[in-house]
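Shared chain: chain A. Partners: chain B in the first complex, chain C in the second.
== the complex of A and B ==
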């Protein structure tokens, strides 16, 4: 060994305190970032909750008390009693028109009740308060109700309630519900899952396990990664061109003998589901690839070392160990599809639709579209409805994520 | 299959002028070695000299790494393993492997053994095969009451013996062991070595090891590998002989330095 000619000065500044200090500064920054995120989330949630319930003053055109039949109040009447109320209070022509449009024989008791409320009682919202005001200024509200609206009904209304989930969309905020949009969302997302999940997982298996590492496959891989970042409206335009226009005979259902005049133009659940499937396909592929890649090489070696073929290795060892990751990734991708609005607007989701979707070739609306439509209305009540619909959407997303966690825990339990 | 004559030793594997490449890089150069049936052959040498690469060439595991190829040939019972008509799946079925880190499947102990037999279409009594394989690997007594438990719940040494039992269950002729005891404590290591002595009655074992005592204790033949000098350093075999000769009077100075611990 050569001895260096000059030995460097062996002096160190005592800086332990300073090093600890810089660590503390960073820690405060991290804490602040976390706090900021939680604050933003809390503000959002509180704002939604604030709008989702509160005092409302209803003005009834006909006081429901006067509609009691044989002393039975309106709320607990049977369907037949409600029908007689309708018959007594509507003109014969109006009554028959209802029977033609929505035959009474097919209506449930609740449908008939809703008809009585919308056609006869005709509640109108006079004024309304948000939850915070309702709680803090209760006395004031009571007084306003007594002095300014002495004949009207003051009620604490929780906008998100079973009736809200049960009722179809309506132009009357008092009876408007979210059922149409909820069913539309479920139908669309169902088709998205059916198409995107198998295609995505199979593509991921091919890319990870079979594709050779050559230029073509690298280009494909890069493009898939880039597709995951393409704005969703672009997918909407793509869907409009391919599914709504080009494949119209298929997406409108005429190929299958469905000729509903209202579902012309291929602006159907099928088009929407397929478009969203295209949208989430890259996400599912990438997530599934990650999950497959995370399966340890030692496991593959063990399998190959026993003389297993590639397919036996993939099927018996790689896939079972990748399932939790694949499912988690898929459900996160589906959650994204559930919240998408822009592509569906382009596809032509109906903003106002009063009937439930009957099959995959029906007209439809979805929760985000419904929320968008309600928030753009001038009346306060629709904004409350939008808040309630947002809660429904969030609940749906949370339950999807809970499913992801459940599946992950279930499948990663290794004996 | 070549039958042993009276005096001729019976060779099961033979590498002829074997070069192994990772892409353009030549990892192993010009190896010639004959491996005797029902013996334990150890491959020793410093890190990075291509021991494991050579071992994995014997059952074509190297091919799982893209870009790997060989020159020369490896004969198994007189047949070239790298002939175009030979299916690597078949090769790995006849020549099993045990890895450095115990790698049981995340399945039950029973399924760890049964899976390999099942994929090869085993038609006998699976319970008997599982018991027989575990007995051969000297693990039966320790696990016979918990066959439905995860293979991952066992200790490291037990896991490695489970991996050996798993390899035995498909009835290979040769078992390749890539530093099978390097992750184990001395007691578990000793068990593996004792097991190898029992297994050589029925199987041929080739083992790569860093542990000189292990090679000296457990093997019948020892091959010494070393990097070549010069620009492109590549692993090659510098000496191959009976183990007691390698460890007592090696003919190559580098082998002597290495086995006596004077190297590097």
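== the complex of A and C ==
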């Protein structure tokens, strides 16, 4: 009597153990996936930090110690003393050429110092180590430095430093900086915002507040959603064809009488800004639409009830309430544009440019382009420069995103 | 007194609906901004189509050999898309190898297992991962993933530039996207379905895999397709890490140029407008545009057609 009752019970509990076991196994797998994401992010950041500082052995063509004037070492010399060092060590022709290209009167002390370093001392990177190796194999590195490079300078170099931000681009890794690229990025983004923000918000207002549910408006909406999924490189090709080639008189600035000999074609900041504007426009529209949709209908009805026109309602009631959401969305879209590389490579951002952009019709380079260019070079020191530039870019993006989060938390209202 | 406060409309100033020119102008302006996006699409199709047509009109190119040729050598006038397409498919395959299972895992964990506190901690991490520029991932592929692969499989097997490394890192890039779209789909499944399954004695895993995932399958499929479309269009990772030079190879440890990588390399130099190279990037671009557009539309259709609607 007892047996038939217990037997199914046994089977049932056996089954339960197996089911719970597989539940546990899968749970671990899910947890592992999540852990993998965190691990990937950590590895990525550590990999970059690892390459952004470390020991470097510099070989100097002229030992800086010999360049001391009246016992004052090179590092603490005044601008005048540095100029005399230049005069003493360069031929008269070379000195005068520098004065013609970048007049000494306009230079800061640091610029002159950089000139002494690049023209006379001429440091070259002999070998370099990553941060991890520099910390763990310190003795070994010291030994290598003493035995193999006895006359050279061993220094712990933080590739990302204030000078790195201040200096213009250079083909010499010792004095290369990101100022040119940083300014280029800011110029391009400025134009992108000027074009894409008003256009995007207006389109969003139209779609949310004005558009009737008819065929045209459905097409517009579907089209925007599809544009958001178009690969960014396609926008680059479009920009190359339209802005660089067809609209060249406008984008090169010749239409406005700007005839900069270096910008004979349309590969300018203007083209880049407009291309990126097309790229982020769908994102801005979609985000702004969501923000406008979140404004409750009761506000609109109250406004209409008081006799306001449609535009008065939108302008004085809907928009003010949607502004935090619109700004948050726009900032996120802009940070996407800031990291965008492919379209700018395609429209032909110059990778080698040593001067700051002067206006919207200048040649330019941007941070991501600079990173791309440095990464593509085989020497270690350029990889380290790329790592430093990546940190600058990530810091910029992080501060933008922090602003977005702040806006969202500070100003968003729930109805 | 009363007269000062209330002014009655005169006869001609009726309160009837009348045309307000300012309002009309504003509405027209707004409509124009809305329509602008259509111009963008037309611009893409027109410009890409126009130059691609020039490419195909070139005597050394014909459509058949373009679609079936296994050699892309512009200097000897061989334009077969297959080497580029093949490299694109290999990188996409590796990306999906990482992104689909892990993205699903993350999504199921976040929506079914994680407490709100853990979710609040994990979601921002995924957002950060998704917000990192692709060029940084390219750097990561070249300076971390490639050396890692080389130390595992040997330096003779794995070339410095290879499609596997680019594809795997691309998977890390796409993982958060698939995870967040899948999680949205899972979270949209109503609680009552889960409760019913628990009531029948299901374990947490059984509820997740046999009830919630099937119920959200259209959203999940859409996420996968969008992920594939993203991988095909991804550019900087492959431009940095997958190698330069079209090569028809199925070995993922060799370098091979993808469609996007080729466009970047060709246009990176100073390209003259009348060369066949210039026209060829438009032909490749057009193909890329239609492939990604088709995938995106399929994904939207799946969501629209097969979505289970719960009350």
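Here, the second predicted complex is superposed on the first by the 372 of 415 C-alpha atoms of A that agree within 3 Å, B and C clash if a C-alpha of one lies under 4 Å from a C-alpha of the other, contacts with A are read in each partner's own complex, and residues count from 1 in each chain.
Everything below uses one rule, namely that contacts are C-beta pairs under 8 Å (C-beta built on N, C-alpha and C of every residue); 3 or more make two chains touch, one makes a residue touch a chain.
As the structure is a computational prediction, the values presented were derived from the model and not from experiment.
By the touch criterion defined above, A:37 reaches chain C but does not reach chain B. In the superposed model, A:348 lies in contact with chain C only, and not with chain B.
Once the two complexes are laid over each other on the shared chain, residue contacts for A:218 go to neither chain B nor chain C.
Touch criterion not met for A:18: it reaches neither chain B nor chain C.
Within the superposed three-chain model, A:278 lies in touch with chain C and out of touch with chain B [touch as defined at top]. Legend: residue contacts after superposition of the two complexes on their common chain; A:298 is shown touching chain B, with no touch to chain C. Once the two structures are overlaid, the count of chain A residues touched is higher for C than for its counterpart among chain B and chain C. In the superposition on chain A, contact of A:229 is made with chain C only, not with chain B. Legend: residue contacts after superposition of the two complexes on their common chain; A:27 is shown touching chain C, with no touch to chain B.
By the document's definition of touching, of the two partners only chain B reaches A:317; chain C does not. When both complexes are aligned on chain A by C-alpha atoms, chain A residues 309 touch chain B in the first and chain C in the second.
Contacts from chain A toward chain C in the complex involve residues 19-20, 22-23, 26-27, 29-34, 36-38, 40-41, 43-44, 47-48, 51, 199-200, 202-203, 205-207, 210-211, 217, 219-220, 222-227, 229-234, 236-238, 240-242, 245, 278, 281-282, 285, 309-311, 335-336, 338-342, 345-348, 351, 368, 371-372, 375-376, 383, 386-387, 390, 393-394, 397, 401. Across the complex, chain B is touched by residues 212-213, 296, 298-309, 312, 316-317, 321, 414-415 of chain A.
For chain C in complex with chain A, the touching residues are 20, 22-23, 26-27, 29-31, 33-38, 40-41, 43-44, 47-48, 51, 101-106, 108-110, 113, 122, 125-126, 128-129, 131-140, 142-144, 172, 175-176, 179, 203-206, 209, 226, 229-230, 232-236, 239-240, 260, 263-264, 267-268, 270-271, 273, 281-282, 285, 288-289, 292-293, 296-297, 300. Residues of chain B touching chain A in their complex: 59, 61, 64, 66, 89-94, 96-99, 101, 103-108, 115-116, 119-120, 148-150, 152-153, 163, 166-167, 170.
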